[in-house]
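Would you mind keeping the following structure in view while I ask a few things?
In this document, chain identifiers A, B and C correspond to the written order of the chains, with residue numbering beginning at 1 in each.
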Amino acid sequence: MTVTWQNLADGFSLGAIYALMAVGVGLVFGVLRLVNFAYGQLIMAGAFALALASQWGWPLWAGIVLCFAVVLAMSLLMDRLVFRPLRGHSPAVMLVATFAVAFLLENIALLSFGSLGKIATSVASLNQPWSIGGVDIRKIAVVAVVVAAACLLVLQLLLSRTEIGLHMRASSMDFATARMLGVRANRVIAVAVLISGALAAIVAVLLTVQSPLVTPDFALQDTIVVLAGVVVGGLNRPVPATLGGFSLGFAIGLLGGALPTTQSQYLPSFIFAAVILVLLVRPRGLFDFSRTVERV
Amino acid sequence: MTLVVDNLEVRYGGIRAVQALSLSVAPGEIVGLIGPNGAGKSSTLHALMGLVPARGSVRLRDKELLGRSPEDVARAGLALVPEGRRIFAELSVEENLRLGLAGRRARDASPGFSGVYEQFPLLYQFRKRQAGLLSGGQQQQLAIGRALVAEPDVLLLDEPSLGLAPNVVDVVFAALTAVRERGLAVLLAEQRAQRTVAAADRTHVLGGGELRLTLGPQDADDTDKLVGAYLS
Amino acid sequence: MRRVLSLDELVVPAGLVVGAALLGTLVSISTQTYFTDTLVKVAIVVALYVFIGNSGVLSFGHVSFVALGAWTAGVLSVPAAEKPAIMPNLAHFLLHRHVGNLTSLVLAAAVGGVAAFLVGVPLMRLSGLAAGIATFAVLEITHNVLQYEEKIGPGLNTFSSVPETTGLRQGAIGALVCVVVAYVYARSRFGRVLRATREDAAAARAVGASVYRQRLIAFTISGLLAGLAGGLYIHLLPLQAGGLYLDLTFITLAMLVVGGTSSLLGAVVGALAISALDSWLSVAENGMSLFGWHVDFPAGTAELVVGVLMALVLIVKPSGLTGGREFHLRWRS
């Protein structure tokens, strides 16, 4: 197996994107105890928005605005129509419900756009390579890492320095007690859902640049892998979950390119075997070193 | 700003934890609630706070609180120091106190915790420390301080002396007396019957979810009466 | 003294199955495929019920056992002469084996049961969310392996050339076998103890019930039935790995949830109702006349409607159409 600079860049790039997705999933899980299977569909919707804007001849910035608008609107709708009625049900029921929503949205997309999908041409320019020290690295790899790092930094500041951030952290530790102190549940959940949606929109843009063909199952496999990464890293705490997402993204990005196809095609099996192992042996996650009680 | 509870009933499925409970707490009063385990003390406080569904009436300043969400009840002027303290172990002492601000009504009030730090100087000393590293007694002070930060009208306490050493219990009861002097209404659920009866203006004895008896501070040394009340 | 063997709990679901099969004899040969497909779905959903309904634990992985059963029956019953065409890299010992129809079904069930047992040994300790995620991982692994491993099957190719022995009769018999096994299990001591743990695990443990052992038994039996269903399925349609993956998992779970997760009747009713709806909508997608109007739904309408239905039931009435109860002929003395 030979590892090139491009492989490394791909690893970091996919790792960065998966880290953002992991945060998006983890934020909602933290406050709602709900694993949102339909997160990938939010990304898919954003990607289709970009593709449509492209088709209508809109400039790139307008397409990105549309992408954000669509994803944020859908996130809030999902909270109102699906998450809220299900609050208080068992986590397994909520998992099945989000599974149903994911299936539903994928089929709506299939009905609306057909299985062949659409192409977002406007973003293609970012897929061109830069020449750094004689090595060709695609611009998007660098952009993805920089954007992800910036997002994580902003989020960290939000969580640690603001009042709403404090409320969100407390809510994910002990929602009942937080409410008893006066923390407004609906507001905390809405903010978590919105941030999660914003991250999905960013991921939609980054992924569409890398693969401009948008189909109804866009980001489905990525979501499944990120969910696996979050579980392996540590579902209950934000940092381990993000590390888990990053690690799997890095591994797949790197190995996917560096390994010959005959070996890399079984990568999913190893990943999911790791998920099972972690759930059996260290349910709190590989990167979780805190001393709190596990909730899974 | 009296808290008036009328005919409170709390059910868990088929079990009635509290029934036909009526009491009131006026500003500057400490009202005690004693009784054995399972008598309904915690259920009463949880119902007042909106944490469990209940029937009856709970009024503060002529506003009906029953049926509202916990955060609404907190913002209306009630604060609960829950059993087991339930502080956020991974947050700092200061962050725990800041959370208490969520229940504050007056937006213009100074965001400092000077009042609480004065009452519990220990909290100021440990303000940057992770709350989980504090001892049981220190955590209890944090829990009370956190409730006071919201500047409530009524302070509810669920077995604050549970698991604490006698000298720490002294600190807790001293704090309650100071709080009473500031004009708050205090409803104190406790298992330490004698201490509570002595400190409170009046103490209700709960048994099987019902109010069995009301004692005054003069009954604090009457062991027969106390034992009889518990075992009735 | 209550009757231990409430036969009406068996007769009604079995009767519905037989009724559906008889209805199928009245239609054209091409439409019969829909009915047979329905009967196979009943088998799968009943298999799901045996585990999920009795234990209260969610499993996303049962389609793995369906797939393994399908692969087993398929590989062994493709005529030897045709194997190299669709499965050029098949392992040597499989290349020359050929079995009859009934044997292939029995082996499919056996493989399903053994696989479920092996998966269950480590996984039955888990509950709730962890169980859901772990069984989902099993589905992913099985799908990944069956998709690419060409020594045991056609890999990415479609599994064609399997003798099409599952008509209405085989489908009905297969579904009935599943219903009977599910009924016997649910009425047995094992089924009752498992249901007790579903209601209150701590109390059940206190009287000596082993939650782990009971779940493992149920999981194995349900894997066996799922394997059988897979065998039936491959003898009905040329399948591929992609068709035994997320979509099938979703549809069969939806059938169970809509029908009513905790009852055998719910499993059968859900499977029949949703299949009927799905088939009718699929036909409508090709254009048909409805009360005199020409109706032409676009492709994908069927899945959409099923998805909406499942989401609605979960939100509005999580206990499903039957409320999780069996049917009892009411006479009170």
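The rule is short, and it goes like this: a residue touches a chain if its C-beta (ideal position, glycine included) is under 8 Å from a C-beta of that chain, and two chains touch if they have at least 3 such contacts.
This structure is a prediction, so every number in the text was calculated from the model and none was measured.
Asks: Determine which of the two chain pairs, A-B or A-C, is joined by the larger number of C-beta pairs in contact.
Replies: Of A-B and A-C, more C-beta pairs in contact link A-C.
Asks: What chain is the most remote from chain A, judged by the mean position of CA atoms in each chain?
Replies: Result for max centroid distance from chain A is chain B.
Asks: Indicate the whole-number Å distance between the mean C-alpha point of chain B and the mean C-alpha point of chain C.
Replies: Distance between chain centres, rounded to whole Å: 55 Å.
Asks: Please compute the C-alpha centroid of chain A, do the same for chain B, then give the distance between them in whole Å.
Replies: About 43 Å separates the centre of chain A from that of chain B.
Asks: Using CA atom averages as chain centres, what separation in Å is found between chain A and chain C?
Replies: Taking the mean C-alpha position of each chain, the two centres sit 32 Å apart.
Asks: Where on chain A does chain B make contact in their complex?
Replies: 163, 166-167, 169-170, 173-174, 176-185, 290, 292
Asks: So in the complex, the part of chain B that touches chain A is made up of which residues?
Replies: 49, 51, 69-71, 74-75, 79-80, 82, 86, 88-91, 95, 98-104, 146, 150
Asks: Taking the complex as given, what residues does chain C use to touch chain A?
Replies: That would be residues 57-58, 60, 122-123, 125-126, 128-134, 137-138, 140-141, 144-145, 147-148, 246-247, 250, 253-254, 257, 298-301, 303-304, 307-308, 310-311, 314-315, 318 of chain C.
Asks: Note which residues of chain A are touching chain C in the complex, please.
Replies: 35, 82, 85-86, 89-93, 95-97, 99-101, 103-104, 107-108, 110-111, 224, 227-228, 231, 265-266, 268-269, 272-273, 275-276, 279-280, 283, 296
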